[in-house]
Structures are given as structure tokens and as C-alpha cells.
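Pasting the structures in now, so scroll down.
Two complexes, one shared chain (subunit A), two partners (subunit B, subunit C).
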Partner chain A sequence: MEIARALICSYVFSWIYILSSIPLTLSYRTTKVFNFAHPVFITYGAYVAIFLNEFLNKNTPLFIAALFSFTTGGLIGVLNYLLIIRPLHQRGASPNVHMIATMGAWFVYQYALYIICQVLMKLRGASFLSYPSVEYVDISYIQRAIGLNTPQYIVTSTTLGLVVILSLYVLLNKTMLGFAMRGIADNQILATLCGIPRDKLMALTWFLTGGITALSGILWVNFSGSTTPEIGLHVVVINFAAAFIGGLSSLLVTALASAALALTENIVFLFLSYHLGLQPTIRLAIVFGVVFTILVIRPPLGAGGGLPYRFRTRIGRKVAGP
Partner chain B sequence: MIDVLSFAIHWLTYFTIYAILAITLVLEAGISGITNFGKVAFFGLGAYIGAVVNTYTLLALLGYDVNTYTPFTAQGVSVLSKIAASEPIIVIMIFFMSLAISFVITGLFGRLLIYPVIRVGAGFVGFTLLSVGEILRAIYMNTHFLGGTYGMFGIPQPFTWLRSPVLSALCYLAVTFSIFLSAYILVSRIHESPLGRVLRAIRDDDVAALFLGKDVPRIKSSVFFLTSGLSGVAGALYACYVGSVNPQMFVVLVTFNVWAMIIIGGSSSPMGAVLGAALLSLVDRLLQYATPVIGGVLFSADYLRPIFIGCIMIAILVKKPMGLLPEKPPKITAGFLRKALEEIGEVNEGGCDTCD
Partner chain C sequence: MELITNTRFMLIIASTLLIGIVIGYTIGYYMGQTTVQTTQTTPIQRKYILGVSIALSGPISSICVQWEPVVRMAIDDLNNISRSMGLNLVFEPYILDDKGSPEEALKNAQTFYAAGIRIMIGPPLSSQLKAIKAFSDANKFIIIAPCSNSPTLAIPGDYIFRTQPSAIAESEALAVLAIRENIRSIISFHIDDEFCNVFSKYFKDSFEKRGGRIVHEIVYSPGQADYGTDVATLASFARSLTPDAILYCGYGTDGANILSHAAEEPALRATRWLVVESFYGASEVLVPKIIEFAQQVRMIGIRPAPLVNPLYDEFVNRLRNYGGTPTYCSENVYDAVMIAGLAVLRTGGSTDPDELREAIVQVAKTYYGPGGWGLLDENGDRVQAAFKLWTLSMVNGTPQYVDIGYISDSTIVMES
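Right after this comes the complex of A and B.
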């Protein structure tokens, strides 16, 4: 029974992590910016669903929640690009400066959300700092209509996950827009010389990144019994780990890594909590253990601007040779 | 009404502790190019080590049963406060011992951690170190010995026995100031030394430095040992000053504050870090007094501070990326330049026009 529950958790978390990890890799490989404001998209996506749920008297359809969350996340992404990333890029700032600036943006958004939650709490009398799960009425209606008794979060995560992943696949692989985005990712200067509007495509990439990541937030509020403004931090650690395993370039490997991490996190936690009585807060340590092991055994050398260590040994051998 | 003397001592103590963190971050990020987004991990680890040494060791040394008198129970805290007031020599000895232990353990932890992390890019380093901070927090929460979620209390301030609170605080300030000054001199000397030039070369292009024969991983690891150790000392100083530690004190926001300090002051300049730490710690302390006045109607004014600092940080990065005190170009004397030119055969008998 416990194993079945852990497997269900793994399944739902897989979709949450996939929907938030893939945009992280997509944004890095296209824009070359390691975005530390990524948790903001998840948190705001979740909170848009929560606010809608409160203002629609707990009659929120998934479609409406997804639309609003996607738009909010997307607009935050574009805003970050226009106000922070593009000016820094124009000044020739280093990737580290971009990273630090996005970290600053993370805290601005994070604490702005706290203020929004507190103001709404005073006005509506509901606690937004720890909100229970949100049920989507349209999914409930469909489930009742076809007599499907599975928990709603399985239906929601599967439906939304598949729709988003297939749409993204079609966009990137079957449309001119996707080809242009990949062109920018491969070589920005060459792509610009070929007439691809770099700025517009960058803005579009950030819109998609923010929007898709925000959708993972609406899955989170459907599944989790308690949503707080800190959820982004928990999810983003796994996102970074998955993106890192995918070498910040492969969307497929990132998706597979997200699923593998979700499974590892839940199964290992079940084992540890059963035998050692550990609390759920230790989950992050499990994920980190996996990442750290990979770092030691098989680091993705050179990924994300890393030092290509092995070259040193080869050169040393050549110099020491004949 | 604000008591000016108490406020000044309080602010200066916070400033010196945060300045140690800011100076070490300048050495890591500004000079060596290690994007440490996990500053709080080392600060927190040092604080917990300081707390454990100053409570459990003290109790054990004086013959108390540490299973009964724990620093998270009323009787343990009561006994610790009595010891702090009556056993000055032991308390001071244990305090300095805790600083040394914090330095060694956090330094070694940093060195062990950086070994695998350093082989990947800056983004990964940042994320991995950030995660370490969160994981350590999870471990503190799950460790009964460390007080779990509630943390540890009754950590003795080494000068409590002086009776006068102002004098006691002044003595503690003298200790924190001495350590801050030592850290500042050390980092400034490193910054201006040949090692500093190597570090800046690594920061600007680690691959080029590697190909020029510099042992980049070893140099970075050594720097990280030093900076992590000093962050641990800052943590131990903080724990003894505040008198308690709990996992909520060591959140990512602490790292963000230290980053904001060095960005506002100047991320590659030790003096800039000091200036940033002074400004932000002053704003922080003033807001502590101002919060009850300006907040509480619709939302807590505490939330405004990170927003304000975040906006300033982004604005400075976009408009004045080098901060208020930018890094100065390295000092090159005429003699040094002449020697360098001689080495590459540029100086002929007529002398060198560019030397003076």
C-alpha cells in the first residue's frame, strides 16, 4: 500500500518536475542565462490558481487556471527579459552577473507574493500562506461523466503534461518558429545574420519558459495538501538537478532525469522514513545525494561554462611525450 | 526612543559579522570567480558548531549530564546562564576554542564540497552550493541533538560575567572587530599579491589560466577552504551574540543579503564589501526599529526590505555593475614594469619610454 502510494506520488511529481525542468533547459540553451528566478514561475503559477479558486468560490476549471497561470508566468518571463536580461546583455555583462541579477529578481518576486498574500488574507479572511489543495471543477465533471474513479491529480497531471509536452515538441520540431529558436540556441550571431529576429525570439523563449513552468504550479496545488510561497525553492532544486543531468542542452534527457529523480526521491524517502523515521524535509537531501554522486563519478565537464579538466591530462601527456 | 550607544554597539557587531561574510564572498566570487550561492550553508554550519561547542562541551566540562541538561530545555538554558555569569575563564576558553573548531570544520567541509563541484560551470556551482544550504537546514530540523525545528538556546556570550550589559557588548564587539579586521587585512593582502593576480586570471578565464599551467582546482579549493572557514567563524560569532540558533535563521535570504552587500559596495573590492556591509546592516538595524511604526496595517513591513534591496541590487547591476567602489587596476611600479619588459627583451640600452 505504501509502495503504491509512493509510486503514485512519483508519477505526479514526475509531471510537475518535467513541466518545470524542461523550460529551464530550454531557456538556458537558447539564451545562455542560468535563471535563478525560475522558482518564481512555479510559485506564481500555483498562486494564480489559488487566487482564482478563492475568487471563483472554489469553482475553478483547469482550463481557466492553466490559461491565467500560463499568461502570468509568461509575462513575468518577458518582464525579466526586458528589464534585467536584455539590458545586461547589451552592456556585455558576464553570465555570472546575469545569474546574480536573476537571483535578485527571485527575492523581489518572492516577497512581493508574501505581501500580496497578506493583503488578500486581510481582505478575504482566508489564509494564503498555507493553502489546501485546489480541485478543478471541469476535471471533476468529466470524471463523473465517464465514471472515472482515479484521483483527480492523476488525470490532471497526465492530461496537462501530455498536452504541453506534445505542443512543445511540435513547436520546436515542426514549425519555422521552432527552427528559428533552435538556430538562436546553436549560434546567435549566425542566426541573426540569417535574418532571425533575435530579440523577439528571446522574448518568446522567456514567455514560453515562464508560461510552461507556471503550469507545473497548477499541478502542484492540485496534488499537494499545502501550498506555501516557498514551494518554488523545493521544486527548483530538482529542476536544476535534472537540467544538470541533461547537460543543460538535451530536453529529452532532462525530462527522463526529472522522472528518475521523482521516483528516487519518493522510493528512497519511503525506505528511509520506514526504517529511520525521517521527516519529509529530508527529501531534498536524497535528490542532492544523487546529484552529488553524479558530480563525483561522471561530471558533465564543460557544461554551463565548466572547466574541461580532462583536456589538461591529455595536454600533459602530449607535452611529456616525444 | 532609541538608545544611541546600544544601537551603535548592536549595529557595529552585526556589521562586523556580516562584513566577514561579505569580504570572504568578495574573495570567492569577485576575485576567484566562485559563484557561492550557498554562503548561508557555511555561516549556519559555523553557528551550529559554535552553539554545540559552547553549550554541550561547557556542560560536559563542568560535570553536567548533557542528556538531562540540553540547550533546548528550560533546566539546560538555566544552568548555562548561571555558568556564563560565574565561570568566566572556562567560558572564554571554550568560546575561542569554538571559533577555532568552527574554522577548521567549515573550512574542511567547504574544501570537500568544492572538489566535485568545481569541475562544472558557474551555474552548477551556484545551484549546488545553494542546495547544500537547504539540505543542511533540513538536517538541523531532523536532528534532535541540535534542538530540531526549535533550535538551541542559552548559548553563552563570553562576557556576560561582566554584569554591565554595555561593557559586555563592547568587549564582544572588540572580539568581532578584531576578527573582521584580520579577515580584511588577509583578503586585501591576497588581493594585491601574486596569488591575487592568479585568482583574477582564473576568474576572468579559468580555461586560459589552466592552459598557462596554473593549478586551477587546487587554488580554488584552497581559497574555498579559507573563505568557508572564515564564514564558519562568522557563524559562531553570530550564534554567541544572539544566544540561540534555529534552522529558520539560516535561509537563502542570508546569502542574498551578503550578495547584495558586495554588489552594492563593489563585488571585486574588499573595501567595497565593507562599505556594502556597513550600509545594508545599518538599513537592516534601522528597519528593525522602524518596522513597528510603518508596518502592521495590511502587511508586515519586513517583506519590504528584501524587495527594496533586490531592486537596488538589480539597478546597480544594470546601471553601475562595478558597485560604489569598483576594483582598482593592479598596482604596477616602474621597477616591476622594467623587469617584466626586460624579461621579454623589450628594453634596450636607451631605456624604456613607458616605464615612468
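Right after this comes the complex of A and C.
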């Protein structure tokens, strides 16, 4: 059994899922809005890299792609907040209305991208509806310089993943801004009474959510042999699963769940496919079998009616005694 | 004094009358002229709309988006023919995106039918055509599919025509080629789709009849985000069963993904690859990594095409004026629109399905286009049994699909 490819796929998918799942949890726990337009960030992030690649004659540095994708994703996040989420919130709309509204936004963005692709296709004569993988020139240069022969997507995903996770950790745990964001997440009214500018922090959260998620898109185009405007939809299914396992609250558990789901869908599927001859159709069934099991056996906050892990740990300690 | 006044009054009346006559004459002259010009330059025109269902999004969109300029070019040609014949029939396309999905193709057929359209060009895939067949049969809705060639849809007496020949002959030709290339054992790896399923089945029959053996078959689901694990499964079987070759059937999006993963698998790089035309023309496959892989595994593809056809070269040149580049089946799309339009002209713009069906058969007998002779067999499929062999290669530093030979009447000619 060729386990190496399945492990490589698991590794890269782990980073793609982590970079797209963590912002979903972050946005929900801070804003209490379940954003159905989340796949837009992934798709637009990927397509910014694709457009850059085309306009830079296939000489795109990762640094430039990351900068543009992050900014585009962030701006879409802020735009959604200012035009959809904030007005609805001010009118006291229910979470269901927020969900439907963001779902509507997703459709608008999705078809806007199709229009952009078709216009660019006419102008450039290249097909953007299914685009081959994008190689980043700066990473290629570094790999050649140090004689690293591993596939580029392993270097790209490791570098970008670690940079983002470390930056996010520092932001949330070592800066006043991060404390304020966590304060808003825990108790919005109390935080506002303490002088934390709720509106600005919400906008910042959506900017970070959009920006970080868009970075998963630039990993995708580097890894996959073909990218279509539907890519966000494929990835977001796992994002929702991971975010629910994380209780829509814990970033650490969301990240671990993302990696676990990536491993499950690749390794378990390879095993079943090779030894039992099962078709790949069962892949999502395997993933969601795991999700259901976790949600039922150990329900996290909100999603399954359980408590946040940190509260449960404290309660556990109290029950167990000193 | 009174006389002067009367004379002045008479003069004013006369002048007014004269001016009135001049103005009236001028207006009358030009209005009369306008009426004559109107009746001369704007004869009443009848619009005849042809429904076109192609995948402008989805996994085969990179191939199908290039069909849109082909349709526009064919419609212009039809309108020129109509005008030169002094007919007042003007053709217009009504193009809808079917996303490469059977459900969407059926929806499009229903939409066309509800809009009074009686002929549809498309859909691209056999699986989509299969989904529409019952609707077509029930409503006598005429379909001319330009790219479907699954043998299961070769049915006589229905309202479906195909400008692509059925794949039975193609699967036999590929089996003959495989045996000639000393390939005796094959792993069949294909997408779970009407065309690829049926092609693999017919290929298996032909190949095993000639002494070869399909040692394993792996079918993968369409519409996945990534196919890395499917490639890992294929590599596992390739390592353990050590076949002489892998027969691959897939489309543009999945094909590019699979080939780019396969390019990194030593077990798959050490095995020959035979491929079919399903991803021929897809731009996402044309990347150096896949080209290098294709060269390494001595990839050979097959596709139905007339051997020599100057009309095809002319078609390619003219298509550039419409901003298009030919992809897989482009010439068949052109032929489908032309045969449909010429049949409509032959019937004088009829919408009667039986009349149109008969006209299509008759027109196809004498039609010769960029896809070759249009003659249809008893199943309504194009009669043609010549196949080009192709591979992926760098030409002047650019990745391209390159023809390397042909098969005609079981004669295999390799050009390089």
C-alpha cells in the first residue's frame, strides 16, 4: 500500500483545513455569526493567486500572492460585516436571518467570480474556470539554493501555516488587541462597558477571518493540479465539521480536529479502498461518521449542547477534588 | 386704398398657399420615399432559435467554454446561407450552462421546450444525454449531441443524433493498439461516468478477446476536491500487480489533478499510460510537470477524427476571428449546429419534430464539415471510424497536445 502519498496529502490538507477552520471558529466565537459565506474567502484567496500568476506571466512569489490574497479576503470580510452583518445586527435580526443573509452573499460572490473568470478568459484567452497548479518562484528559488527536492507544496504549506499560527497565537495571547478580542468573545456587554470599541473589533475580526482563510486558498492552488470556482465549497464542509468539533469556541481543538479529519479522509480511505475495494464516494461518510461520533460522545460547546472544554476541565478538577 | 388692401390680402393668401403647397409637397415626397424604403429594406424576418446546452462551469468547462465562439460562428454561417437563399429565416442561439451535470442538462432541455424551442445542441456528456433521453422520447424533442459517444446511447428510432461516432470502434482500435505495443496486462482507472464506464467495459471485451487482461479496475467519483488518495490507491495496485499499462479515462479538472499527483509516484512513472479523448484539449493539463510525466510514461491517447480534412484547418483559422481556439469536439459542435440549421432551412422553418428528424438524416448524408462527412448510421450516430493518436509534448517550449499517428481500418500508423 502506497501510504506515502496519502500521508503527504494528509499533511498538506491539514494545513489547508487548519488555515480555513480556525478563522471560522474565531469569527463565530467573537461575533456569534455563523458565516455561510466562508467558502468565498477560500475561493477568492485561491483566485487572487491565479490571477496574479496569469498577469505576472507565471512568475508569482508566494510573498506577493499571500499579501494580495490576505488583503482581498480581509476586505471581503469587512465588506460583509459593514453591508450585511452590522445592519442586520442593528435591526436585531435573529441568527437564522444572519445565516440566510450570508448564504445569499456567498451566491453573489460565487457568481461574480464566474463572471470575472469569463471576462478575463475573453481578454486573456486563458481558461480560469479550471486552472492548473501555481508554482511560487521565490519558494522554487529557495529550494534550488538549499538543494531541497521535496514537492513545493510541502515547503509552502509548512512555512505559511507556521507563520500564520504563530502570528495568531501572539496576537491573541500577547497583545492588548488580542485580549480585547477575547473579551468581546466572552462577554460583549461587559467588554463594551469596559471601553472596548466593539464595532472596530468586529471589523478587525472579520478582516482577520477573511484574510487568514484566503491564505488557505493560495496553499490549495500550489498543491492541487486543478482549481475551480467551486473549491471553497469542497473545503468548507470539513471546516464546518472541524469548527463544530472545536465547539465553535476552541481554536486549538478546531486545529487538531482539522488535522484529524485530513488524516481520516486520506489514510482510512486508502486502507478501505486498497483492502476492501471501496469507492471514494464513501470518503465524506467516513469523515462525518467521525464527526457524529465525537458530537454524540463528547459534545462540545453549543454544537452538541456541551460546555466549553476549559469549563469542563475546571468542573472535572473540582469534582475530582484537590 | 381698399383696392390696395384687397390686393395685399390676395397676395398673402396666394403666398401662404404656395408655401403650404411647397411644404406639403416636400413632406409628402419624403414620407412617400420613407414608406417605399421601409418596405424595401425591412422584410419581415422569422427568428428560429436553437437551444444550446454546454458546460460553461464545472469540471469540463475549460473545454466547453471554447464551444461558445464555435456556436456563434456556425450561427453566422447559417444566417449567411439563409440570406443568400433569399429566405427570411434568422437563426439565434439560446445558450444555457449545464455545468456538466445531468440534472442541469435536463433542466435546460425542459426550459428550451417550454420556450418553444424544438432542437437542442448538446449536452456534452453521455451521462447528461442519458438523463435527457426519456424527456426527448416523450416530447419528440430533437437533440444533436456533439461530443457524446457512449455505445449505450446508440439507439435507433429516437430523436437523438450524435455528431461524434459511437465509442465501440474506438475501444476496439485502442485494444488493437495496446496489443501491438506489447501491452498484455492493464489496470483500468476511470471516473464513474457514463462514457468512461462504458468505454472501459467495451475496451475490456476487445482487449481480452485479443489475449490481453484487465488485472484490476478502479473507479473514482466525480466532483471531488482532490484525487491524491485515489492516485495513492492506483499506485498501490500498480506496485503490487505490475501491469504493463494503465488505461485512464477522466476529464479536464480531475484529469489535471490526477496526472499531477501521478507524476510524483514512482510506481506510476514506471508504467505506460493509455488515455482516451475525454480530457483532450483541456488547458489545465498543459503544464510542464504533466508533460514531463507524459513523456516519461510514453503516454498515448486516442480520439476520433477524420484523417485529413482541409475544412478543419479553415475552421481553426476562422474560429480565431471569433476569439476561439479549438478544443475537443469543437468541430463536432460546428457540424451539429450546421446540420440542425440546414435541416430547418430544408423544411422551411418547420417545428414539426418528425419532419425535422427526417430532414436531419437527409442533410447529414450530403453534409461535409470540419469534423468530416456527416453521414449518420441507423442509430443517428456519425459514421466514421478513423482515430488520431496523440500525446502531450513541448513544442517550441510550449506544452501542447500533439498528434503522433492514426488508426484507420485496423491499420496503425505512428508518425514519430
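By definition in this document, the second predicted complex is superposed on the first by the 283 of 322 C-alpha atoms of A that agree within 3 Å, B and C clash if a C-alpha of one lies under 4 Å from a C-alpha of the other, contacts with A are read in each partner's own complex, and residues count from 1 in each chain.
In this section, a residue touches a chain if its C-beta (ideal position, glycine included) is under 8 Å from a C-beta of that chain, and two chains touch if they have at least 3 such contacts.
Please read all numbers here as calculations on a predicted model, not as lab measurements.
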Which superposed partner A:Tyr114 touches (first subunit B, second subunit C, both, neither): both
Touched partner set for A:Ile64, first subunit B, second subunit C, both or neither: neither
Touched partner set for A:Gln279, first subunit B, second subunit C, both or neither: both
Partner chain(s) touched by A:Leu256 [first = subunit B, second = subunit C, both, neither]: neither
Partner chain in contact with A:Arg5 - subunit B first, subunit C second, else both or neither: second
Contact breadth on subunit A, by residue count: subunit C or subunit B: B
Partner chain in contact with A:Ile84 - subunit B first, subunit C second, else both or neither: first
Which superposed partner A:Gly125 touches (first subunit B, second subunit C, both, neither): second
First (subunit B), second (subunit C), both or neither touched by A:Ile165: neither
First, second, both or neither for A:Ile196, with subunit B first and subunit C second: neither
Common ground on subunit A, meaning residues reached by subunit C in one complex and by subunit B in the other: 114, 118, 122, 279, 281, 283
Subunit A - residues contacting subunit C, complex: 1-6, 8-9, 13, 114, 118, 121-122, 125-127, 129-133, 151, 223-226, 228-231, 234-235, 265-266, 269-270, 273-274, 279-281, 283
Interfacial residue positions of subunit B with respect to subunit A in the complex: 29, 33, 35, 37, 116-124, 126-128, 130-132, 134-135, 138-139, 141-142, 206-207, 210-211, 216-217, 252-253, 256, 259-260, 263, 298-300, 303-304, 306-307, 309-311, 313-314, 317-318, 321
Residues of subunit A that touch subunit B when the two form their complex: 28, 34, 36, 83-84, 87-88, 91, 93, 95-97, 99-101, 103-108, 110-112, 114-115, 118-119, 122, 233, 237, 240-241, 244, 248, 278-279, 281-285, 288, 291-292, 295-296, 299-309, 311-312, 315
Residues on subunit C engaged by subunit A in the complex (per definition of touch): 56-59, 61-62, 65-66, 192, 218-221, 224-233, 235-237, 239, 252-261, 264-265, 267, 282-287, 289-290, 323, 325
